[in-house]
Amino acid sequence: MLVRLMYVSRAVPALDPEELQAILRASRAQNPALGITGVLCYSDGIFVQVLEGGRSAVNRLYARIVGDPRHTEVEILVYEEIAERRFAGWSMGQVSVARLNPALLLKYSETATLDPYAVSGQVSKALFDELVATAAIVGQS
Amino acid sequence: MLVRLMYVSRAVPALDPEELQAILRASRAQNPALGITGVLCYSDGIFVQVLEGGRSAVNRLYARIVGDPRHTEVEILVYEEIAERRFAGWSMGQVSVARLNPALLLKYSETATLDPYAVSGQVSKALFDELVATAAIVGQS
Amino acid sequence: MLVRLMYVSRAVPALDPEELQAILRASRAQNPALGITGVLCYSDGIFVQVLEGGRSAVNRLYARIVGDPRHTEVEILVYEEIAERRFAGWSMGQVSVARLNPALLLKYSETATLDPYAVSGQVSKALFDELVATAAIVGQS
Amino acid sequence: MLVRLMYVSRAVPALDPEELQAILRASRAQNPALGITGVLCYSDGIFVQVLEGGRSAVNRLYARIVGDPRHTEVEILVYEEIAERRFAGWSMGQVSVARLNPALLLKYSETATLDPYAVSGQVSKALFDELVATAAIVGQS
Amino acid sequence: MLVRLMYVSRAVPALDPEELQAILRASRAQNPALGITGVLCYSDGIFVQVLEGGRSAVNRLYARIVGDPRHTEVEILVYEEIAERRFAGWSMGQVSVARLNPALLLKYSETATLDPYAVSGQVSKALFDELVATAAIVGQS
Amino acid sequence: MLVRLMYVSRAVPALDPEELQAILRASRAQNPALGITGVLCYSDGIFVQVLEGGRSAVNRLYARIVGDPRHTEVEILVYEEIAERRFAGWSMGQVSVARLNPALLLKYSETATLDPYAVSGQVSKALFDELVATAAIVGQS
Amino acid sequence: MLVRLMYVSRAVPALDPEELQAILRASRAQNPALGITGVLCYSDGIFVQVLEGGRSAVNRLYARIVGDPRHTEVEILVYEEIAERRFAGWSMGQVSVARLNPALLLKYSETATLDPYAVSGQVSKALFDELVATAAIVGQS
Amino acid sequence: MLVRLMYVSRAVPALDPEELQAILRASRAQNPALGITGVLCYSDGIFVQVLEGGRSAVNRLYARIVGDPRHTEVEILVYEEIAERRFAGWSMGQVSVARLNPALLLKYSETATLDPYAVSGQVSKALFDELVATAAIVGQS
Amino acid sequence: MLVRLMYVSRAVPALDPEELQAILRASRAQNPALGITGVLCYSDGIFVQVLEGGRSAVNRLYARIVGDPRHTEVEILVYEEIAERRFAGWSMGQVSVARLNPALLLKYSETATLDPYAVSGQVSKALFDELVATAAIVGQS
Amino acid sequence: MLVRLMYVSRAVPALDPEELQAILRASRAQNPALGITGVLCYSDGIFVQVLEGGRSAVNRLYARIVGDPRHTEVEILVYEEIAERRFAGWSMGQVSVARLNPALLLKYSETATLDPYAVSGQVSKALFDELVATAAIVGQS
């Protein structure tokens, strides 16, 4: 049973670029053995991550992530059983966003700031999909 | 919660081009802080405006506009909750219409005059969409 | 409220080409003021006309046409409220058909003759649409 | 080919009850031979009539009715090809309405007066159906 | 053209029961002439009102209501063109709610308090419909 | 934004009836303030719980529950944004199942044992719904 | 492969009641061996028959019937592959119609006479179904 | 009323190429006057023919064809009322098939032989359509 | 993964009632441990059996049944993944059919004999469902 | 009646490349006479085969294959009646897969291994279709 889980969280204020790299390194080291793939996006102190894989594996990993002290307010946006993955080629891709395009943010939000907490999961997913379609995904797959 | 509000109104007889510019200037100065975007169309003494933004912001602004003495008979044509904006890139675009094409008007109306008061909101929206698709939108975004 | 009315009728035997031109001249002179547009097709002694416009205007005109002694057996084929006109650009276009293509007639009828009286309004409309798509429409708009 | 035609018209001011009876008498005398059935409703100086029958028969009768000097502003509300009649049992039933219920009128109109000229054919049909469902139909069938 | 407009607003703190009665009296005195019907619900300092009628009439009245100093934060929840009214029988009915049932509030909201500002118009409408179905509507119609 | 979250977990072997009552007591004490409602079912060492409430509240509570040492293998079965709750009347109802009916289990599973880990979330939901429909829900609401 | 075939034909003028009985006797004697079932209706010199059975059997029988000199103008109204028969219990039932109800005929036709030649197969089928539902079917099955 | 009739039959063993030409000549001579169009396909001793035209004309012709001693086991595959013909341009086209492609036959049948008797009418129609799309149609139209 | 498998087979000529009982006894003894449920119908030398259970279990059992020398021509009629079983309460119910009703057989077949080999799986399923609905199912569950 | 049957099985450990060729040779020798077509895929000790043909022929062949000692755990993934074959051109094509692409496997499975036993028939079919679309099919047709 494959599932997709997309969540949002706030990085703790102290999070520095090096720690972001550490998270990605750990993910790429551990996800292949769990059969987990996905992408991680970090911008303005906010994480949005998509995890795809077996239902048990994704839940086990999510339980660890939810308890990770490097972020807070972890909130599931989308959780669905899927017939096929969207990110089968990335153990954990990084969506690199230097600065988010204000018009893209406005298109889906009341103000030009990234705030997945304020909108429905489907809207976040639409914004995220548009982001992925225009941004580069990097990282060893 | 994003909404789109489209209304029609009649400019007071005395309205001169300079006042139209003043309205646009004020809109462009104030809308960004409210997270409001949209376009304004003026032709033959009739305003049609589309406002997009958070529900509270749009309602607050509409309450001010409804009381503005520069126009009368303000009537809502379309009001809907939306998943994404159509005019995310314009704090207030101006649809410049020198003279409306009679065949375009006839296509949606009984006679070749612009009269959103006489038709349903959906018809006005269709006419407006066709207008926007063929006219230029101007203004600093 | 816009409507479209399509009817069929038989010209009186005596009708000559000049009278056909007179009908078209009268239509083009009077329809613009009524906000009426449409096309008229004449072939083999049979008229098929499409009238588009405000509901009252179309009905008023139709009442006059029904009583016109230059044709008989006037029968409505299609009458529908519409959101937009199809012939917004023609006060009364003339579909010029020298001789109807037999295969086109056969496609929609039992024999290769034009007989809207024998088929449903929808079939006449389909035949007429195909005719308009391939024939020229003439007349000052 | 069966059709249903529903129209509205205004009785001339001078119309008295006896003339209404004359119209009904004539209808019941002539419709059976034409295969025409239907109902006629008169209220507040307004006629709404439904005619059902063969397409030619209905059009021939309608051409006569449109020219009848006892009413004006005859306007077709609904015209449709049908698979089966609704009023097969009435050569011309009379929907007797002493005084229309204001709440019923308000339900479908802007004000509590009967004005089929101001609304779409579908709305008139809905109002008429509700009327027929609650009123008595009288007349020898 | 009939429309339905449903809005929410906050009564000013000072509003006393007598003033609520004054609003209802005024509404019942003035709405019939405007062809406006509807219901008003007041609970916990919050108004929810449904207005039904001709598009111009409803907009004209709403412009007056929006400027009424007895309430603030007037926000449109639902605005739609309708084929038939729901409250044709009430010039302005009063939905009397002594104390709202907490389970009913919880069914549609995050907490057991009435907060139409926090949810979509459709959700407010569903809550309101269930309220109307179970509460009494009072007032001379 | 209301969500519904349904998960399965395995009680630790040592769990005794008193501890189950402690969980229910704690839930009923704390959920009302969070605006959370739902039901908890315990059978054969397996928990299935449905939580309904605001998205943040449900996620915050789920993060606590996932780390609770009294159960393991916590796995989300269903997570969906909802327009209305199903268990608005229960701060935490207890579905009391003395012994599950084997035919009910077989209806949805390969063998007559309760194993939500082996089937899709939708199947678990169907089984759970049938269970709730036939079992009693107990507990102070 | 089961099919249903419904046709209309005109009895030759000379057909007397005894001959009708002969046809029914022959049908009931021969159809069971062919696996054919159905009903036969005779009224006003017109036959309408429904035959159900294997595709080859029905076609073989129809070829014989089409050449039978006791009727002319045999015309197929409906021919369809079916998953199940409608008249499985009748080797050939007789729909006994003393005199057809004029309102039933009018409901589906332009005039109160039975004329399946003038209408589409679907309309004949609807009329026939209503007839069967109200008339008695007789004959040894 | 236009119909399409498609049937299959077996040529009598003795049928020689000249007789096939005679059938086609007769068809092309007689069909135009009947308003009948279509195509005839002959292969491996099997005829498949499509006839399109007025319902009476097609049935009259089919009654003659069914009794023609040059073929046997005539079985209708498809019979349907149509809004427009597919072969309006051919009084009787000949689909010339030297030798049928085995893969095309296998695609729709259990073995690589042409056997419309063994499959449903819809399958024969699909095979026939694919055949027509790839083969040439010959004959004076 | 639950599946349902329905097949038909011919009992070998020599099969006597005692052997049928032996098959049922064996099934009831072995199916519960495999989590398999279903019904078996025997009539006129033909078996139709429905097996429901886990996909592996059903396939393993079917491989054994296919090789059982007590029947031949074992042919799968329906095989589908299911969300819920239909015969959860029967380890192997026996549909007791003294003599099949001819009208029921005719309803779905060309002749009044039971021949699932001649019709599609869906038709057999429909016939079987109607049979089960009217016959008794016996056997210890 | 055409059917498609897709199954999975495990080759016995001892299976060598020569034996695979023997199976393919036997299939290509025998399938044409049975009207059977399809493809066979072998990878990592797992067979997936698609068989298309008449229902009896496919079932007879499958009964033989299920008992073949060169593989075990034969499990049907998909069985459906079809209107047309997909592999009409191959008596038994061989899908040659040197090494399966891990991303393709991951797209449909929890881990990057081929395991049709763990997923639904529809998922296996999707994976297989994508495989066929990208791999070469070889073998004399």
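We call the chains A, B, C, D, E, F, G, H, I and J, going by the order they appear; numbering starts again at 1 in every chain.
Here is the rule we go by: a contact is a pair of C-beta atoms (placed from the backbone, for glycine too) under 8 Å apart; a residue touches a chain by one contact, two chains touch by 3 or more.
It should be emphasised that the depicted structure is a prediction, and the values quoted were computed from it without experimental measurement.
Any chain bridging chain C and chain D, meaning touching each of them, is missing here; the list is empty. Between chain A and chain F the centroid-to-centroid distance comes to 27 Å (mean Cα coordinates, whole Å). Chain centres here are Cα means. That of chain D falls 62 Å from that of chain I.
Spacing of chain B relative to chain D, judged by their CA centroids, is 42 angstrom. The centroid of the Cα atoms in chain A and the matching centroid in chain J are 38 Å apart. In chain J, the residues that reach two or more other chains under the touch definition are 1, 122. Chain pairs recorded as touching, per the definition above, are A-B, A-F, A-J, B-C, B-E, C-D, C-H, D-E, D-G, E-F, F-I, G-H, G-I, H-J, I-J.
Contact residues of chain D toward chain E in the complex are 103-104, 106-112, 122-123, 126. Listing the residues of chain D that touch chain G in their complex gives 1-2, 35, 37, 53-54, 57, 83-85, 88-89. Those residues of chain G that touch chain H in the complex are listed here as 1, 5, 55-56, 59, 63, 66-67, 73-76, 79, 81, 117, 120-122.
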